[in-house]
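There are two complexes below, and they share subunit A, which is joined by subunit B in the first and by subunit C in the second.
Moving on, here comes the complex of A and B:
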């Protein structure tokens, strides 16, 4: 198992290097000049001075050839130096380490909410296939699925403010146990819930036709325990995989939700960095994002043997 | 006459199709006495498994019982409440399924799966049930039984898994064990072991057994009585020696003739029955076997024959054929 984890991390390194090279190239050769943008956005009426611009460009090391810049960046990275933001001059590490926990906590909470709501609903729908209950659950899931976060977010926010007069504007971040997290969580969970309900339902229907479910019934196991012990566990394997994927997308930037609800997470940071062509920040986000993806995949892989003992046997072989 | 344990009368089963319900099992009559082993024989799709599954209401979706009775210990199984049904399942009637590869839950330990009937029927604690499960595994001849309780099904061979299935079926010492082609998925030497195991357990526990198979040779050494099914009806029901000595139905004769035999050094070409069984919903109006029968006359295509005692044989030997027991030359 440990060998397996080590292998996964080793294999991750070349792939993340390739991705970073691609991102660096896109930022380098693509549109947008970070230094000019500093001047454009500067407060007051700062005159655009080509000489000064080139001087700053020189001092930031941006005039060197592309590959040399990339190599320098990697060398710094190996020493734990993420560099400074071209735009604000702040340490990139400080920016990331402030934003990442927000996104991570948000993603984790959204996944917990999704799992707690969607898995039982999907189970109930699947067990009552083609009944009114099933259609109601499936219909609601499809409805949620059809609402994009950038519609749900503002609508819910405005709606709540109008209905509940005493409420504070749910804007900003106060941690996991702050009431302001509720609305973003609801919005973030809409589509994952829809997805997981449908996936759980489909998996339940498939497992119900398995021979071992018939065996359980033939042994006289009550229906409730047939559902919980024999049906639910095999269903969880694909569902956990899907939850892992959803978590990655949320952590890597729930861009709309973070912007609408003023959450200082990676999504917001990404948007700002992209607008400002802030290479060091973009690269650091790419690195962290890739790391998180790899870790979530690893987490799912580590969970597999707990859900399906056959996976444990196959992993020993690797 | 010995005591009846199970008495199925006029049981019919339908499948829902796009063009309405189609009959798969058309009025089956069969019975099992206490301590008796009944072999149910027939081709794939003749309804032998469905008949037995329907008794415990384990039929797949879209297939349902359309009529009939199935009295077990004086109560109609088809009319039991959910609660009563649950007590019969695994408690009074044990079931062993065809494919041990898929019939055990892949993510549960053997011990947990064996414990289930004990926990739900005998109100045993988890620890007691686990201990008893170990004894059951020893009963069905699994070496290192206590360690095996901690194994998962994929860590066991097919023969071992089928032994586990049998142990689960026997856990609550049921009056009746229904074994649905329990050896079909196993290789020949393991088949023999499983047959011997069931024989021995039957003697030790004094239970009745219904053994579903398509293998007449296998059932010959195991059953007291054999029911031959064709296209969802019983065509012949006879004590095993009478069935082999004087088969009454042309279909039974065809089956017997298709058992491979090696005489001396030469092996005769296998005989087979021409044609295929009718599809559900397309049953001929008279005798279902008539289109494939070498003896078929006009009367066979008009009227379906009833299951009646065969002339010149004991009352226990019943055949559903207008020309029961007659040879081909006599009929023609």
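Moving on, here comes the complex of A and C:
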């Protein structure tokens, strides 16, 4: 198992290097000039002086050839140095470590909410296939899937303000136990919930046609017990494998949710970095995002044999 | 689903009954029929929509700005006095073009890579799948936004320069660059699911007796792949495409929200939504109209996709 995990991580390294090379090349050849942008956006009349621009560019190491810059970047990265923001001059690591906890807490809560709501709903829908209940659950899941977070966010805010005129607009961040987290959390969970409800429902329908379910029913096992004992567990296996996909959905969603609700997390940092062509920040976020997705896929592979012992024996055989 | 042609020389006879069978199953599913009807309405609106309204989507009327919905302006007017209903109708065309082109490119790449990987196996398979997993493991929205944001300006500058040198009017139309970039980068993140799906299909199909028979007849790999393997892998692909069309529309609007989508003044639901988000406190109809239509369109495609799934994959239903 350890060897398998090591192999997976080793295989991940070249792929993430390739992606970072791509982003770096885009930054090098395509991006707007970040140094020029600083001057253009500066408050007041900061004179745009080509000599000063060149001086700053020189000191940021932006005049060296492409591969040398990239190699330097990687060397620094290996020493844990993510470089400095081209826009503010702050250390990228400091910016990330200030923003990451917000996003991680929000994302983790969203995953928990998704699991707690979506799996039971999917189970109920699958057990009552083609009934009104099933149509209602499936229909609302498809509906949730169809509303992007940047639309759901503002609409929910309007709705809330209309129903409860006295409340404050939920804007900003106060930690996991602050009331302001509720709305962003709800919006961020919409699409993962829709995804998991559909997955669970499909898996339940598949499992219900298995022989062991028929046997259990024939033995006279109560329906509720069949559902919880015989159906739920084999259903969890395909659902757990969706963790990587959920991760991507949540990372994508966080970009919008943080923007709409003014949360100081990685998503908002990303958008600001994109606007400013601040490539050191974008590269760092790409690396972190890719690492997260890889780790969640790895987690799935590690968990899989625990949920489905058949997979464990086939893995030993390798 | 286990469709096996009776004999190799007459492959056209059996599929008809499969498709007819699936069609009748589809028509029995109320949600799917609702989705199908909505999709047909969308196609109709995209084809003839601009002829149906008395207003031009571009004509401004500064005396009728930000009007609430009324009988003369069904969805009201926007900040330049343009009729929102006409713009939403024209946006249907943009949305469908984006969805169809992006999905077509993604499916072409996905089917080609997936079929080759599954059919040949070995090193080819491993290389292609490594590449697929790599593409899937990067936070995709981030990647395409980076591509778009960094290539847009240089590309249009290059076009401008080409125009000044050649005076070829082709280079004048920067809208093509826009579409090319938006379509290209969206397709770039959309193909991996198709590749994995087709590969999994092909893996089961290639060991079927009719493939062995074709091989025994001495047919080349290319012909076996195109005539026997790919057509039999189409069922699940159609389902995926139907869902993919919906998500491509949502993706387009996400692009516009982040400011890298189809450029104004071409109306797209995405840039109408992102414009609406700026003023929704005062003029909610400017957000609600395009958002509702986008939501409806996505729901329609998911209903249809789910119905197709049940129709083409009867094993799962009772």
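Here is the rule we go by: the second predicted complex is superposed on the first by the 308 of 318 C-alpha atoms of A that agree within 3 Å, B and C clash if a C-alpha of one lies under 4 Å from a C-alpha of the other, contacts with A are read in each partner's own complex, and residues count from 1 in each chain.
We adopt the following convention: contacts are C-beta pairs under 8 Å (C-beta built on N, C-alpha and C of every residue); 3 or more make two chains touch, one makes a residue touch a chain.
Keep in mind the model is a prediction, meaning the values are calculated, not measured.
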item: Touching partner for A:18 - first (subunit B), second (subunit C), both, neither; value: second
item: Touched partner set for A:186, first subunit B, second subunit C, both or neither; value: neither
item: Touching partner for A:146 - first (subunit B), second (subunit C), both, neither; value: second
item: Residue contacts with subunit A in the superposition, subunit B compared against subunit C; value: C
item: Touched partner set for A:154, first subunit B, second subunit C, both or neither; value: second
item: Contact residues common to both interfaces of subunit A (with subunit B and with subunit C); value: 209
item: Residues of subunit C that touch subunit A when the two form their complex; value: 30-31, 130, 133-134, 136-143, 145-147, 149-151, 153-154, 246, 250, 253-254, 257-258, 273-274, 277, 280-281, 284, 287-288, 291, 294-299, 302-303, 306, 315-318
item: Touch list for subunit A against partner subunit C, complex; value: 11-12, 15-16, 18-19, 23, 26-27, 29-32, 129-130, 135, 138-139, 142-143, 145-148, 150-151, 154-155, 158, 198, 202, 205-206, 209, 244, 248, 251-252, 255-256, 260, 270-271, 274, 277, 282, 285-286, 289-290, 293-294, 297
item: Subunit B residues touching subunit A - in the complex, by the definition given at the top; value: 56, 58, 60-61, 82, 86-91, 94-95, 97, 99, 102-108, 116-117, 120-121, 152, 154-155, 165, 168, 171
item: List of subunit A residues in touch with subunit B within their complex; value: 209-212, 214-223, 225, 229-230, 233-234, 307-310, 313
